[in-house]
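After this come two complexes, each holding chain A, first together with chain B and then together with chain C.
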Partner chain A sequence: MDIFLQACVNGLLMGGFYSLMGMGQNVIFGVMKIVNFCHGEMLMVGMYLTYVLSTTFSLDPYLCVPLVAIIMFFLGALIQHTLITPSLGTKSFTNLLFLTVGLGLLLSNGALVLFGSEYRTIPTSYQQTFISLGPVNIALPRLISFCVLIVITIVLFAFLKYTTTGKQIRAVSQNPVGAEVVGINTKRIYILTYGIGTALAGIAGALLTGFYTIFPTAGASFGFRALIVVVVGGLGSIPGAFFAGIFLGLLETMVALFVSPSYSDLIVFITFIVILVVRQLIILRRK
Partner chain B sequence: MLKVTDLSAGYGAINILWNLNFEIGDGEIVAFLGSNGAGKTTTVRAVTGLIRPSSGSVQFNGQELARKNSRAILDAGIVQVPEGRQLFTDMTVLENLEMGAFNKPTREAFKENLKTVYKWFPKLEERANQSAGTLSGGEQQMVAVARALIGIPKLLILDEPSLGLAPNIVDDILAVATSMAKNDGISVMLVEQDITKALACADRGYVIENGKIALEGTSASLSANEHVKKAYLGI
Partner chain C sequence: MKKSISLFFIVLTIAVLMVSAAFADEEPIRIGTIYAMSGGNAAIGENILRGIDFAVAEINAKGGVNGRMLEVVRGDHAGDPAQGRSEAERLITQEHVDVMMGCHMSTVTEVVAQVCTQYGVPMITAISTLDRLTDADHEDMDFFFRLCPLNSVYVEDMLKYLKDSAEQTGQEIKKIAIFTDRAAIGQELIRCVELFAADYGFDVVAVVDYSSNATDLSAQVLALKQADPDAILCDSYIGDATLFVQTLKAQNYIPKMIVAKANGFTDPAFIANLGAAANGVASVVEFNPDLINGQEINEEFKAQYGVNMNGHSAESYTVVWIFKTAIEAAGSTDGEAVRDALAALDIQGEFPGGRKIVLPYDRIKFENYELAGAPHYRDNTSASVAIAQVQDGEWKTVWPFSFTDTQILYPAPLQ
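Now for the complex of A and B:
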């Protein structure tokens, strides 16, 4: 029972990251209807950025989070403005596929050139500190990360729900023609959206550095999981992504606990395929 | 106030509109009639800056708008209710109306304008917190009109307001448009396929055929015109 509870908590803590990645992916997909295949690499860039900032200025990795978020936002905005917006006009899905996959390759290989292939960590004094809640032990860095994740999620929800810009983002994602008619500057919304999506991935990367190793392909598994989260939670749905992320995290730890950690990827992807097939069958049945 | 001269426009290499000339005065309701594919919606898109005219001029209160973007045209006071409504269906009625407040002055006047719009469409006040997609077709059309009116435009363009709606709802919407034109001096450009209804409430009309103005005149003269009777009214 204790082990089960422990696994639940670990799953929840990891699921928060998948949620954050999925939500970033979904904000972008909702507005531009494109799948951002370099989302995982953006997480990796966030990790290295945190590494550089925290080693150069001897800052605590968690203090780097706001700075990483801002830098990643502008990086995303720049990529949107110079690369993605011009390709959107072509209405060709393959262009954007190659563009974002290519960007991902460029970023991970760029990291390899700059930092080499060795695994890096940012040591902190509280790395091995555990907090006991009854039978459950939680590593302090994971707990801090999760709390920050939840705050970011709430802020994102509130931003989309209550601010004028947030409403405009939703308006563009629901009806681009209607948005144009009421004078919403869709190009500006695109820039903001990609910036926000990239910043979310960067924040996830920064928060991971507290307990995760940094290496050039660290983003790949998170990128794949973000895609699963998006598909399971519903394309474009932010709450859907949140819950699907948590679900994925729980599923992974349950598999690791009851089957074997080495099967967790396998079972995660099988579940994904099963969900896809079942959903397709339900849709066909309805028609 | 709106004076369009020699307007030509199209999509890419395909030209749709050929040297259109028309004008709409203050507080006037002007109908634009024509069958499917005649170029009515393209005219709307060219006037509102959603497509760039290839030549010609669009003068509005002395301001040249033909090369301006859609945002500048909204700022000048020309707002459209697009064909098919184009609402934000997962957002509430109120949020849809908020999106209609497109610039700083209209955002500041939002609360006041909201009262005015609710007076015109009392049903929307009851439905304010319901998502737009759950409303009936008629109510959705009201939201679309209200969203355009929240910025208190000088010229309201209604593109096919009758599409897919029950006749009595169309009458309600046209009644609001007529009262606005007469009491508030808002001009209305009414693009319609339902010619009887359109001519019943418009002051004047233009008939568009193959991207050209084929006929123009007062509503009475158009209703009496043999060509209109034969081609559009089936009499």
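Now for the complex of A and C:
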């Protein structure tokens, strides 16, 4: 029972990251209908950014989070404005596929050149601090990260729901032509959404540095899980992505606990395929 | 008159022959080396070449081999077997190397060894550990010898260490678990442990694996915690090794013994990243600066290169000395003669005119033998690894007991 509770908490804490990654991916997909294949690499950039900020200014990695979010937002906006918006005009999916995949390769190889292949960590005084809640043990950095990402989720949700810009983003996501007709500057919204998506990935990266190693290909496994989250949670749906992320985290740990850690990836992907097929069937039935 | 002219020519010819023979004697003995000097593994190649250069300088300073100096001719395989083959051909046919050393990656070593056998050039690998390089399929590669222990010997030594540890800890190990990467390195560990576990009376209670660069290892750690083994054997890349030790602490599980098959656990970043949390983790090492026979050479090596001698530099250093001893015994650099000398070589304790063996064993002899029922050829059957443990943030040799004074830290504190 103790182990079961511990596994639940582990799944929840890890699922939070998958949620954050999935939500970033989904914001972008919802508005532009493009799959951002360099989302994982953006997380990696966020990690290195945190590393550079915290080592040069001896800042606590968690204090770097707002800074990283801002820098990543502008990086995303720049990429959108100079690279993605021009490609959107071509209406070619393959063009954007190659663009984002290529960008991902560029970023991870760029990190390799700049920082080398070493695995780095940011040492903190509370790295080895653990909180015991009855039978459950939680590493302090993971707990802080989880709290921060809950706050981020709420803020993001409120932003999209209640602010004018948020409403504009949702309008463009539902009907870009209609949005343009009513006077919304869609190009501006594109820049904004890609910036927000990138910032979310950057935040996830910054939060990860508290307990994860930093290396040039660190984003790959997270980027891949973000795609699963998006598909399971529904393309474009923010709450869907949030719950799908938590679900994925729990599924991984539960399979590992009740079946075997060796099968956890296998079963996760089988579930993923089953959900895809079932959903497709339901949609067809409705039509 | 005619007679005296022909006599003159005969004398002249003999003189020319003698002079050229004398000059030939002055020619250096050429050692070909094929390692990665570019690409992702260049850093490994550099450590190996340092060991070789160090030995060559030492031998040349003492007057060389049979009065001839040693010279190193470097080839670069860049991690690619095809390039390894062409470099081997170039070194043999154009650079006329007398003997060959290589490589870092076993797949490249295999190809280069085939080329060397074809041309009759004796070759020793210092560090290629893949078992199959010397198995029945390679029986006819009879110019190829291996100094380092095989992969399965690495694992067998880990088990020997667990067995012997009871002497110091007073706790006999019975249940062991394996924690490793799902990739080839992990499968190899699992295979070897299963090969030997029964011989040592160990019961494998859990095999826990994960995909490289895992996002989370808490489920794996919980599985280990449930199995509650006396010792955990592992093989991981550096990122996963770091995450593993951190996760152990986060899940409130402190295994009494962790023994790793080097790899990520001996990466310099491991201790740097984990700090005190690494204390107590043990690993296989081919060489460690505090080994009784390694301390002196490490001081000299460090003075020259600014870094400690590592396993790769120590093993390649030793291979140069083996070639020296074999060529002296053969009396020439003729390929077959050197090969026969290598096959007959038996170095006990120290090299003639050189140091004690700097590695954690005291004999070098290439033999044909059986390993776990399968025949193997021309391996150094005395080769063994040492086990080092992180103590106060430093790797300290703890096994074999005769090569160190340091005691095992038990149970592993991880803080």
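We adopt the following convention: the second predicted complex is superposed on the first by the 282 of 287 C-alpha atoms of A that agree within 3 Å, B and C clash if a C-alpha of one lies under 4 Å from a C-alpha of the other, contacts with A are read in each partner's own complex, and residues count from 1 in each chain.
We adopt the following convention: contacts are C-beta pairs under 8 Å (C-beta built on N, C-alpha and C of every residue); 3 or more make two chains touch, one makes a residue touch a chain.
These figures come from a predicted structure and were not determined experimentally.
In the superposed model, A:T193 lies in contact with neither chain B nor chain C. Residue contacts after overlaying the shared chain place A:I184 against chain B, while chain C stays out of touching range. In the superposed model, A:S19 makes contact with neither chain B nor chain C.
Judged by the touch definition given at the top, the superposed model places A:T50 against neither chain B nor chain C. Of the two partner chains placed by superposition, only chain C is touched by A:T121; chain B is not.
After superposition on the shared chain, chain A has more residues touched by C, the comparison being chain B against chain C. In the superposition on chain A, contact is made by A:D265 with chain C only, not with chain B. Applying the stated contact rule after C-alpha superposition, one finds that A:F211 touches chain C and leaves chain B untouched.
Contacts of chain A with chain B, set against its contacts with chain C after fitting on chain A, share not one residue.
Of all the residues in chain A, the ones that touch chain B in their complex are 164, 167-168, 170-171, 174-175, 177-185. For chain A in complex with chain C, the touching residues are 3, 6-7, 10, 14, 17, 117-121, 123, 127-128, 130, 132, 137-139, 142, 211-213, 215, 217-218, 220-222, 225, 249, 252-253, 256-257, 260-262, 264-265. Across the complex, chain A is touched by residues 40, 182, 207-211, 213-216, 218-220, 222-223, 225-226, 238-239, 242-243, 246, 249-252, 267, 269, 273-277, 415 of chain C.
Note for the complex: chain B touches chain A at residues 48, 50, 70-71, 74-75, 80, 82, 85-91, 95, 98-100, 102-103, 107, 147.
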